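I have placed the structure first, in the form of structure tokens, so that the comments after it can refer back to it.
Chain naming follows the written order as A, B and C, and within any one chain the residues start at number 1.
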Amino acid sequence: MEAEHKNYTEKIEEFRHQIEKPNTITWIWMIFLVLVILMGIFALVAQITGGHIITGMRDNVVWGIYIVNFIFFMGISYAGALISGGLHLFRTDWRHPVIRMAEAITIISLLIGPLYILLCIGRLDRIPYLVLFGRIQSPITWDVIAIATDIVGCLIYLYLSTLRDIARVRDFKNLKMAKWRKKLYSFLALGYVGTPEQQKRLNRAADIMAAMVMAIAIIVYSVLAWIFSVTLQPGWHSTIFGPYFVIAAVYSGTGVLILAMWIYRKLFHLEEYITRKHFVNVGVVMMVLAAFFGYFTFSEYLTKWYGSQKDDEQLIAILFDRYYWLFVFSNYLGVLLPLIVIGIPALRKINIITITAVVVILALWVNRYLIVVPTLESPYLPIQESRLDWIHYSGTWVEWTLTIGGIGTFCLLFTLFSKFIPIVELSSPKLPKAKA
Amino acid sequence: MNKNKIFSVIQLVFLISIFLFGKIDVGFSQEAFPVSMELTTWKYTDNSRELIASLLAENEEGEFAPEGIDVTFYVQENEDKVELATAKTNNLGKAITSINTGFDFPKDGEGYIYVFAEFEGNDKYDMAEAELTFKDVLIDISFVEEDETKFIAFAGEILGPDGEIFPLADDDIYFFVPRMFSYLQIAEGWFEENGEGMVEYPTKIIGDTLGNLQVIARITEHYDYGNVQKTATIDWAIPSHLIAAETPSRELWTPIAPMWMIITLIIMLTGVWGHYFYAIYELYMIRKLGKREKKTNNI
Amino acid sequence: MSEKQEKNNSRRNFLKRGFIAGTAAVAGGGLLSSCGGETETGDKIKVLTTDGKVIEIDRAHAKPCKQVKVDSREGIPGRKFVMVMDLAKCTNARKCITACQEGHHLPKEHEYMKVYLMQDSEKTAPYWFPKPCYHCDNPLCVSVCPVGATYKRSDGIVLVDNDRCIGCKFCMTGCPYSARIFAWKHHEEYDSPVQYNPENSVPGQEGTVSKCVFCADRLAENKLPYCVESCPMGVIYFGDVDEDTVTNGAETVLFSDLIKDRSGYRHLENLGTRPSVYYLPAVNRQFDVDRGFRNLDEEVEKRYEKTPHVKKQKG
């Protein structure tokens, strides 16, 4: 036990400034994020007082940007779960710098995603009815149960995987932080001191939860996909929606993970810990997923287009008429770029990979938008309307502001999380000191 | 100016003021609404007869049904008009009087009965009157089965003067069944020369849960007979089924979910949350061990 | 039974039910606003509440109120409703739409009944297509509702309980016929003091879903729905399929005969929703389809601008 401790004291030394009292820049950053969130709250109040009419949603396109954001955030959450769970279970060598970031992404986006559903609900005062009067036959009830289960599971898993580092921080003297924080670490460390018995129990629990979190992630995101695929809407009523959504989710998650890695590497000078090798490894995962994603997307649209059933035809006509460039961006660029960048060794540079990751994130957000909105714009009974905003959907300032507010919340929570615990997993039986 | 001229001027002023006041709706000397009246008659299964006077009044906006108007009904007996009854119009503008079974209407030589309805008129409504001539008829329906085919048999009698009876011949008769919102016509018959007839009973009509069906035979708006109706019940109809089930079926759209859904959900939830509780248990054990360790270290 | 006697009987029954229900409603406490409001006479009478209790109330409160169905989730016993639309007669007169809006106090932009100009394919003839909610026998909207706010009754009618609807709009995406509408904002019609009843969906509520209810409150009084009564062409037939009879107010016919003779069908049958509304194809049309453009509001006429028929006419 003592030996384990000693080896990592110098590591904690390196990370102390990350978790100690925030410096000025961090304060400015956090205040900026709070302002962004306040903007979102302003839009929310406007929506509550003015009614949903101030959004762009109307009787045909009843689900718009809010639901797209919901799917997107839940997606990256499950990606985090699958990646961190997978890395943990397979005891991958290079996991330590990235695994905690993945876990953070998981839990934070899991808390933000459902907020977007609440924004879409017409009568917020009746939310308890989901539990009081819940109907088991409804996919939304499945989703409520699933998300609740997932949040609890991810919290437990996060706790299990950060427990060691919490104990380290607790034991580290002379950390410049508030007394209440020190007490908090003490409490949360649960008296973990690294005895063999404790380690055994911790490892066992962590392994089981890692497996659970992976399984749950797949099931829960499939439930989300089934919300769409059990309806009869052309474009949604697809048998492969479950796996399609899961793949797309993990794909978008790798993009967010790479972006987070790049940001933290820059901010905290973690060049020693997060190296090019990590970027390439996660990048390879991203590339493989890009291939799978492209395969699923191609399969979807090929079958629709070839069979040319009238409703599918109508949908494809809208996709290639109104949404042509978005479709190309999302399903061509979004698929080919990672394949090229990671496929060609010369292009495997950190910055290029990160740019690709950003493109991937955007492409997948657009992909979700193209799944939700065009289908609702081409229902079975033709839309015969005179009001333009009832024929075509376009998000209003309320929806965009709340989207940005959500991103701001995500960043703020991530910042707070990294202030709480070192963002790189420090403790485990072996921590290789990597070369840049 | 002499007295006559002054008198004329005063009369003129008086008339003009009446005219003006009349226009300002003080109450007296208001124009009365013109009223039209129609008189019809219905004969029912129990051989009672109704006389219905339908009134329609007209104002600037159009026609409307005046309520609460007294209408007096008379029947012609030889040379006299004998008062039968009075009735007030209801909210549909109909004054209905019911004459009991067995009342012997005075008939003329050919068997016609003359009835009148009169409204004297009052301040609001002009007077109106109507008259109607009809012959008293009896119809009867019954259900017969011949050679495995079902028929509705019907017969009609005209009650002539002095108690003579003539067959009701060469006329249409229609058969209805009462449905939820209206009456459904199920058959159409013809009175033969002997005053009788038969029409095939439509076997696909649905009745109540026991197969009972109420059949209403009607002669409507006949120039000689007015309206005549006769009702009878038969149990030839296809029985309708009761919809309410004892136990609600378990479908996707019923209040209770299909069994397999509930079972799957329970299995999955116990599986997942079971693992959670195990992990929490391990954490609890870690804490316990930590406390023990702390104690041993402190010693 | 004479017409008059039948009328008296039903009136008597109605009053009797209305009396008990009315007083029960008063005893229930929540409905005082819709009945009475008189000063107390001090004279007490005994009445029976809907849950079997005998209570005493002031005589002034014992007024027959509009009949309040005790449980709107229970269907009218022994009935199963069906509607038939005769497309050969529809000329887009839109009286069904306005009568429905009046009867349910709907804002002008909410239409429970919509009339489409349909054209199945390039060379087939266009026709006017009135579309209420189909009250399907396999209603996807009911299956997906997470809180059970929408439900199907034993008489086939699918209703929405706006006191329970949370406004998630899943049912709207579940319905392939676009039958439901959402209250995106508050309308002044919603301020009505009338007690809410899912059977006529009056008054509406902001943030909830509503739709055609087959005028379930009128059916309980043996009256036809507003659209059926108001159609000048007699397009809409309505009735109880268990009695095999439908009527459009003027004509009463056997449902099975009508469907057989006129080749009735249901819209998008292959979706498996099993609607309760049948259509009779537009054969031997009474009027040309262009008659449907007469006397239309400018806003309504604009709706059909992009249809193939109108585009072809404009050249």
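Observations on the structure shown:
Keep this in mind: a residue touches a chain if its C-beta (ideal position, glycine included) is under 8 Å from a C-beta of that chain, and two chains touch if they have at least 3 such contacts.
Worth saying up front: this structure is predicted, and the values here are computed from it rather than measured.
The busiest chain interface, judged by C-beta pairs in contact, is A-C.
Each chain gets a centre from the mean of its Cα atoms; the one farthest from the centre of chain C is A. Centre-to-centre separation of chain A and chain B, using mean CA positions: 66 Å. Chain B and chain C have CA centres that are 21 Å apart.
Annotation: 45 Å between the Cα-based centres of chain A and chain C.
Within chain B, residues 252-253, 255 each touch two or more of the remaining chains. Multi-chain contact residues of chain A (touching two or more other chains): 135, 137. For chain C, residues that reach two or more other chains under the stated contact definition are 140, 143, 148.
Those residues of chain A whose C-beta lies close enough to touch chain B in the complex are 135-137, 145, 149, 152-153, 156-157, 159-160, 163, 189-193, 195, 197-198, 201-202, 204-205, 208-209, 212, 216, 219. Residues of chain B touching chain A in their complex: 252-253, 255, 257-258, 261-262, 265, 268-269, 272-273, 275-276, 278-280, 282-283, 285-287, 289-291, 293-294. By the touch rule above, chain C contacts chain A in their complex via residues 114, 116-118, 131, 140, 143-149, 164-170, 172-174, 176-178, 180-186, 205-209, 268, 271, 273, 299-300, 302-304, 306-307. Residues 1-4, 75, 77-80, 138-140, 142-143, 148, 151-152, 154-155, 222-224, 238-240, 242-245, 247, 249, 252-254, 256 of chain C are the ones touching chain B in the complex.
Note for the complex: chain B touches chain C at residues 42, 44-45, 50, 96, 98, 179-185, 204-206, 209, 229, 231, 240-245, 252-255.
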